[in-house]
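Take a look at the structures below.
Next come two complexes, and both contain chain A; in the first it sits with chain B, in the second with chain C.
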Partner chain A sequence: MMIDQANPVQTTFLHQAFGLQIASCLPLPAFLESDGDQCDVTIRYGAAPEELPEAVWKGVRFQAAPGRLLLIVDDVARYLVRDGREIVIDRAPGATDDDVRLFLQGSAFGALLQQRGLLALHASAIAVGEGAVVFMGPSGIGKSTLATAFHQRGYTVLTDDVCVVDFDAGGAPVVVPAYPQLKLWRDALEKLELDPSALSRIRPKLEKRALPVREAFRTTPRPLRRLYMLDRSNEPEIHLTSLQGSDKFLAIQAFTYRVQFLEALARKVDHFRQAGALAAACPVVRVSRPAKPYLLDELVARLEDDFAA
Partner chain B sequence: MKRIQWLASYPKSGNTWLRAFLANLLSDPSHPVDINRLDFAPVAAARSLFDHAVGYEAADLTFDEVDRLRPEVYAHYARQAEDTIYLKVHDAYAHLPDGRPLIPADVTRGVIYVIRNPLDVCVSWAYHSGHENFDRAAAFMADPGACVAGNPGKCFPQLRQRLKSWSEHVLGWMASGLPVLGIRYEDMHRRPMETFAAVAAFVGKGDDPERIARAVRFSDFGEMKRQEREHGFCEREAGTRTFFREGRIGGWRERLTEAQAMRIIRDHGDVMRRFGYLTSTGEAVY
Partner chain C sequence: MRVQEQQERIGLDTVVAHGEDLVSCELDGEVVLMSIENGSYFRIDEIGSRIWTLLDEPRRVSDLCDLLMLEFDVARGQCESDVLNFLNQMRADQLIEVV
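Take a look at the complex of A and B:
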């Protein structure tokens, strides 16, 4: 912790996540602490506008322009994300720190990563040997549940929800670890035989809890070996299917984190190129599992066989 | 702005059939449209539609916070659309605590509301839910607090939807003040040409009787059942046997006990009478 020189009222907490050094006015206990003097991102309290006059794209609660994104969460905060370097939080009265953190660590960071030109997937990821495998898919499909099941079997979790994929000097894709925390719904905790009362809620009003997974977490990027696209069906069996050609690209496109922000950020062309490079470099496997029952143990075994092959 | 054509019904009342007809009518194909490709009319409560429009996830909001944003989500899609968009909806027609309707009138082109005999709905809902318990289904249909995807400890592919009771569902939509075409499932069976021609006219495609007849043929129950048998149906609930089960009128007579039928008639008699499901002497019509 250090005192912010420009604004001594605001205490600053130093963190690291997504490969970035972050100075934040709000403590972010899910992120790792940092003692470095370098700072890539500043998060501070301040005034954020109600409208972004230069917006070229407006959603229901976001407005975007090149290098700018305004996110509005009613009764929580307005977040102004600028140039991939700064997030200004305009807190609503009555909002808790947990409320403010949740959307900060989600959509606001999603926008920031895009502004920095990074490819972020809606995915969890685990370490496998020296490499990483990624589980992408829509909300509620079981990305976190699956990552937790692997964690219970001794694997290191690299990220829960937002997975940054960068490219190394040779152009090969690598997963940049985010921070060591999983978010799990009550029904997932039951499936995983975890006691909800031992874990804190991610937001006071939600039945979703945070599971810290700091064991063996390292921030070093790892070569991306395989992308799994999680899906569910009304069939009774698990099916793994390798995607080919443009289907690989389309899957990466579909599960790009907050893809709806890209248009206005003038990042579409870059994103196409990155998604194309990733599709060319990495196998993409569609994993269809029964909606009921989840067959979690069997799914983990099938995936272990698949990524060992 | 009046871009949204809502395809509304209580669950298990013929909405899929209506969508299959419209899919065939709108694209006028040479072969029946694939029942696994009815995505021209996604469900309004789809989580992905909400998340994409809002910019953060319904999964990080309470059910009430989600509901407050839903009217704006539909207005957003209406604003972006260049032509009519179709949305399937099972929510009850309802107002939010602040008085705004969940379904905004200023973006609504019209509503096609499908009504089905609640005695048959009860049987179908019990099978669809996987429990095959008709008492439980009848109690659900009488519950003003009934909802689907309403477990706050779980993340469903759909948002929480309040259904209210079956009677309230019917009356709410029919008296919504929106332009509503009410059609009965039983008439889709017994008078398909007449009923579907009214649907076609309502969506502005009523001028080609041959096209309508072809769409009726391509979406009839036997065709949908054949497709499900050969290729499966993505909208079938896991753990249930088939989605297109009997598609019959009056199937309840072989399934429900007299006490179960009496209970449904007691719960919904007024609305049943009003829509021709009960004679003036209280006998079931179908």
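Take a look at the complex of A and C:
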């Protein structure tokens, strides 16, 4: 902890997440601490406008202008995300720290990562050997539940919800670990036989809890071996199907994190090239399971067989 | 003028090429396209993708059919009719241009 010279009333907490060094006015206990040698992103309290004057994109929840995205969350905060380097938080009266953190770590960072030109997927990821495998899918499909099940079997979790995919010097895709925390709904905790009372809620009135998974977490990027797209079906069994051609691209496009920001941030062409490069370099496998029961143990076993092959 | 151009159907003597306002990538022989102007995505099947690749440079439609008949086992009449349908659809989606 140190005192921010420019804003002496704001205490600064030093963190790292998504491969970035972050100086924040709000402590972010889910993120790792940092020694603060450098700073890529500053998060501070300040005034955010109600509207962006030069907006090229105006929606109900967000507006965008070149280099800026204004995120509007009623009764929580307005977040002004600038040039991939700064997030200004304008808190609403009565908002709790947990409220403010939730949208900061989600959509506001989603916008910031896109402003930095990074490809981010709506996905969890785990380490497998020296590499990584990624589980993409819509909200509620069981990305976090699956990552937690692998964690219980000794795998390292790299991210829970937002998966940054970068490309190394040779153009090969790598997963940039985000931060070591899983967020789980009550029904998922029950499936995983975890005690909710031992875990803190991510928001005071929300039945979703945080599970820290710091064991063996490393921030080093890992080669991306395989992308799984989680899906439900009416069939009673689990099916794994390798996608080919344009289906691979369309899966990556569909599960890009905050895909609605791409157009607003004039990122569509870059994103197309990144998604195309990822689709060309990495197998994409559709995983369909019955809606109920989840068949979690069987799913884990099938995936282990698949990524070991 | 533009409207009139749109109404003329592409024929065997028309010279066509890629639209300029597009990005593309090829995956397992299939081409995915995105229009930069409106952000729409298009996917083209395998034979369509071969046509797309051949249109990296402007070509007369009849020459395009000659090349395709060397690669695919298809009669000239069928080839010409399929290619013209495909190209007219591509043009309606603004993916190719008449040169």
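Quick note on the criterion: the second predicted complex is superposed on the first by the 309 of 309 C-alpha atoms of A that agree within 3 Å, B and C clash if a C-alpha of one lies under 4 Å from a C-alpha of the other, contacts with A are read in each partner's own complex, and residues count from 1 in each chain.
In this text, a contact is a pair of C-beta atoms (placed from the backbone, for glycine too) under 8 Å apart; a residue touches a chain by one contact, two chains touch by 3 or more.
What you are looking at is a predicted structure, and each value in this text was computed from that prediction instead of being measured.
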Which superposed partner A:224 touches (first chain B, second chain C, both, neither): neither
Which of chain B and chain C A:162 touches, first, second, both or neither: neither
Touching partner for A:103 - first (chain B), second (chain C), both, neither: first
Residue contacts on chain A - larger count, chain B or chain C: B
Touching partner for A:120 - first (chain B), second (chain C), both, neither: neither
Complex contacts: residues of chain A adjacent to chain B: 59-62, 71, 73-74, 102-103, 106-107, 138-140, 185-187, 202-203, 205-208, 232-235, 258, 260-261, 290-292
Interface residues, chain C side, partner chain A - complex: 23, 25-32, 34, 36, 39, 41, 43-44
Residues on chain B engaged by chain A in the complex (per definition of touch): 47-48, 51-60, 62, 65, 68-69, 72-73, 76, 151-157, 232, 234, 236-240
List of chain A residues in touch with chain C within their complex: 244-246, 248-250, 253, 263, 268-269, 272-273, 276-277, 279-280
